[in-house]
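A, B, C, D, E and F are the chain letters, set down in written order, and residue numbers restart from 1 in every chain.
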Amino acid sequence: MVYITRKEHFNAAHKLENPEWSKEKNEEVFGKCANPNWHGHNYTVLVTVKGEPDPGTGFIVNLKHLSELIRKKITDKMDHKNLNLDVDFMLGVKPSTENVAIKIWEQLHEDISNLGCQLHCIKLLETENNSAEYYG
Amino acid sequence: MVYITRKEHFNAAHKLENPEWSKEKNEEVFGKCANPNWHGHNYTVLVTVKGEPDPGTGFIVNLKHLSELIRKKITDKMDHKNLNLDVDFMLGVKPSTENVAIKIWEQLHEDISNLGCQLHCIKLLETENNSAEYYG
Amino acid sequence: MVYITRKEHFNAAHKLENPEWSKEKNEEVFGKCANPNWHGHNYTVLVTVKGEPDPGTGFIVNLKHLSELIRKKITDKMDHKNLNLDVDFMLGVKPSTENVAIKIWEQLHEDISNLGCQLHCIKLLETENNSAEYYG
Amino acid sequence: MVYITRKEHFNAAHKLENPEWSKEKNEEVFGKCANPNWHGHNYTVLVTVKGEPDPGTGFIVNLKHLSELIRKKITDKMDHKNLNLDVDFMLGVKPSTENVAIKIWEQLHEDISNLGCQLHCIKLLETENNSAEYYG
Amino acid sequence: MVYITRKEHFNAAHKLENPEWSKEKNEEVFGKCANPNWHGHNYTVLVTVKGEPDPGTGFIVNLKHLSELIRKKITDKMDHKNLNLDVDFMLGVKPSTENVAIKIWEQLHEDISNLGCQLHCIKLLETENNSAEYYG
Amino acid sequence: MVYITRKEHFNAAHKLENPEWSKEKNEEVFGKCANPNWHGHNYTVLVTVKGEPDPGTGFIVNLKHLSELIRKKITDKMDHKNLNLDVDFMLGVKPSTENVAIKIWEQLHEDISNLGCQLHCIKLLETENNSAEYYG
């Protein structure tokens, strides 16, 4: 079993708020992440898949195919978008780093199986200092 | 003459649009940067000052003072904010990388003179691949 | 289960020596790391915790709380200090990358449980090229 | 159990092709990686070993010894070389990132056992965006 | 005057040799860079242009146009190629970091003038540790 | 004229203090950098030289020679050392980032002229966020 990781990027706006809470409680819990006029990040997503290398290619997956899949299902939908308002699979989801990683996993894992390997991990960096990992 | 650079960060939302243009022309010129619901970035700002080292300290400026100044005048106002809506010195300014660099210069250069050195350059990275430099 | 990682930094002096050995044996084993007048590093510590996202916040832990805990228990005690002389929980410990990672784990794991998640890994980078990981 | 990682580098040429396939099929599958006149990369290899810290040193392995071993068995043979033509242990192997990681593992794991620890993982970065991991 | 920098990448093979010299002299001068079977690098190129921001856009140049130009004139010709054999504007040129930077400048500076700004600097990184800058 | 930059590293201990000042004034001015038991950094030094490429090599300087010079005059003397106590050319100098950059310039500029090019800039990074540049 070998693991291959492809790194991609998207730049997006978001805010963190619980609509069932008061403005004061949102600010207390989420701090400056609750700014009503949004803020944003350069997100980095690392998609790790696992499998056995194919004897004909040496690949567990053709990275051209994996990269195209990530573009179609993830970065075309999330890049230069608002994660709270613009992304179909994020609607109604609080866009914490944790939840964005989980949602990206859900968008990719079946299609990656169809490429002949298995999704192992989604790692999402929101900043240089904060990141989340989800293994399904 | 020696040059000292301090790196700081802020995460912000913005969009690029010319209010005098049609939606179509804005999209043609600014592409996905014109998304009406905003997008965002992890901005990195490098503030370079120049001067002669003080014999008593070896410093051209005490970086604690420079860092506090950048926090007060720049990152406290821009971090987790919307550059089009929330930042007093950006109101009415198109928040291109170029213009944000110029506006940061204008906010800092007098106060840096009061620290006993001179502002030399503002370098602003919007992404890993795109940056602007302004020398006044 | 989701994993969240927070990256922090501290700059410290240290040296490697076994007080039961001769100067010659210390130099043979530890090389330039045995320099009697110390040397130092910019250390980077990555604290990874695991848990289930809270439905109200989307967080497995509020990173503001985790970051404050790391500051109080680790970086306030280690930053701009001598790891052999100044840090209470390092006294009598050989400050190899391995041992520093273990000691940081011991300082944090109970308090992290009190934040409602579990410490998963301490990764400590001593240089760009050398790092240690400890999982308890 | 603690894990220690040493990062090393080598710069090499290679191409991807299956000699049993037509030129057209090679181009279809491998794209620009099949360029007959070669291309190349700055490879980064991360060697992770695991073990218990020695009480006398605080080390699971002396990194000077591990680094010398990687130099002798890997980077002296691969740096500024052609992976298809010049490297004894790569002859007849398709030099995909996956296969290069596997072959580096095979070259190192016995010698690392002789250093008193165990090889845990070879991570190989071919570019900033593409990497492979192999755990034996 | 503001400066804007766009970073792009290409991965290529090359070797350093002077065809008028003996094999021995080539090895003496160029060391392992003279390996007859080539080696390669992940090159990073930073293209810095200067100009006045346009009041309608805030841009000194639309980075979409600059990026397309760099792709057409530089990276489409150099990526996954052999710098000694495959690149029209490098034929007969010793592909040192210095010379590659000069040749990239020559390919770009007229077309960049046609975009309404001026080429200021080509910075080429051959490795993390070695880079060249050319200002025309 | 082309500029070439070589990056090297050294890890060292230091402290900032003015021996003519009280302990209180030293702490007020230098803060935690005045810790009596030292602290340390992973320093990065970027040596930029300028010249005309030699037609026979394409080089303004053979980087093997430049790198050996930096090792002999700088990193062999500073790596795993105490900048206040162990380095001949730093004795009596306050080891601020500014002053260390100036002293490295003084150590190198004549020998670099003997390599057939000119020293242009010493850039010294003390941390990821703080750096100094000196141009003679």
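Keep in mind that, in the parts below, contacts are C-beta pairs under 8 Å (C-beta built on N, C-alpha and C of every residue); 3 or more make two chains touch, one makes a residue touch a chain.
What you are looking at is a predicted structure, and each value in this text was computed from that prediction instead of being measured.
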Label-sorted list of chains bordering both subunit B and subunit F is E
Can you list every chain in contact with both subunit A and subunit B?
none
Hey, which one of A-B, C-D or D-E is the same interface as B-F, over half the contact pairs lining up?
C-D
So which chain is the furthest away from subunit A, centre to centre on CA atoms?
F
Could you work out how far the Cα centre of subunit B sits from that of subunit E, in whole Å?
29
Could you tell me the distance, in whole angstrom, between the mean C-alpha positions of subunit A and subunit F?
41
Rounded to the nearest Å, the gap between Cα centres of subunit B and subunit C is 33
So which stretches of subunit C touch two or more other chains?
128
All chain pairs satisfying the touch rule are A-B, A-C, A-D, B-E, B-F, C-D, C-F, D-E, E-F
Mind pulling up the subunit B residues that touch subunit F in the complex?
1-8, 48, 53, 56-60, 62-64
Give every residue of subunit F touching subunit C within the complex, in rising order.
9, 11-14, 32-33, 35, 37-42, 79-82, 85-86, 127-128
Subunit D residues touching subunit A - in the complex, by the definition given at the top
16, 18, 20-21, 29-31, 93-99, 101-102, 128-135
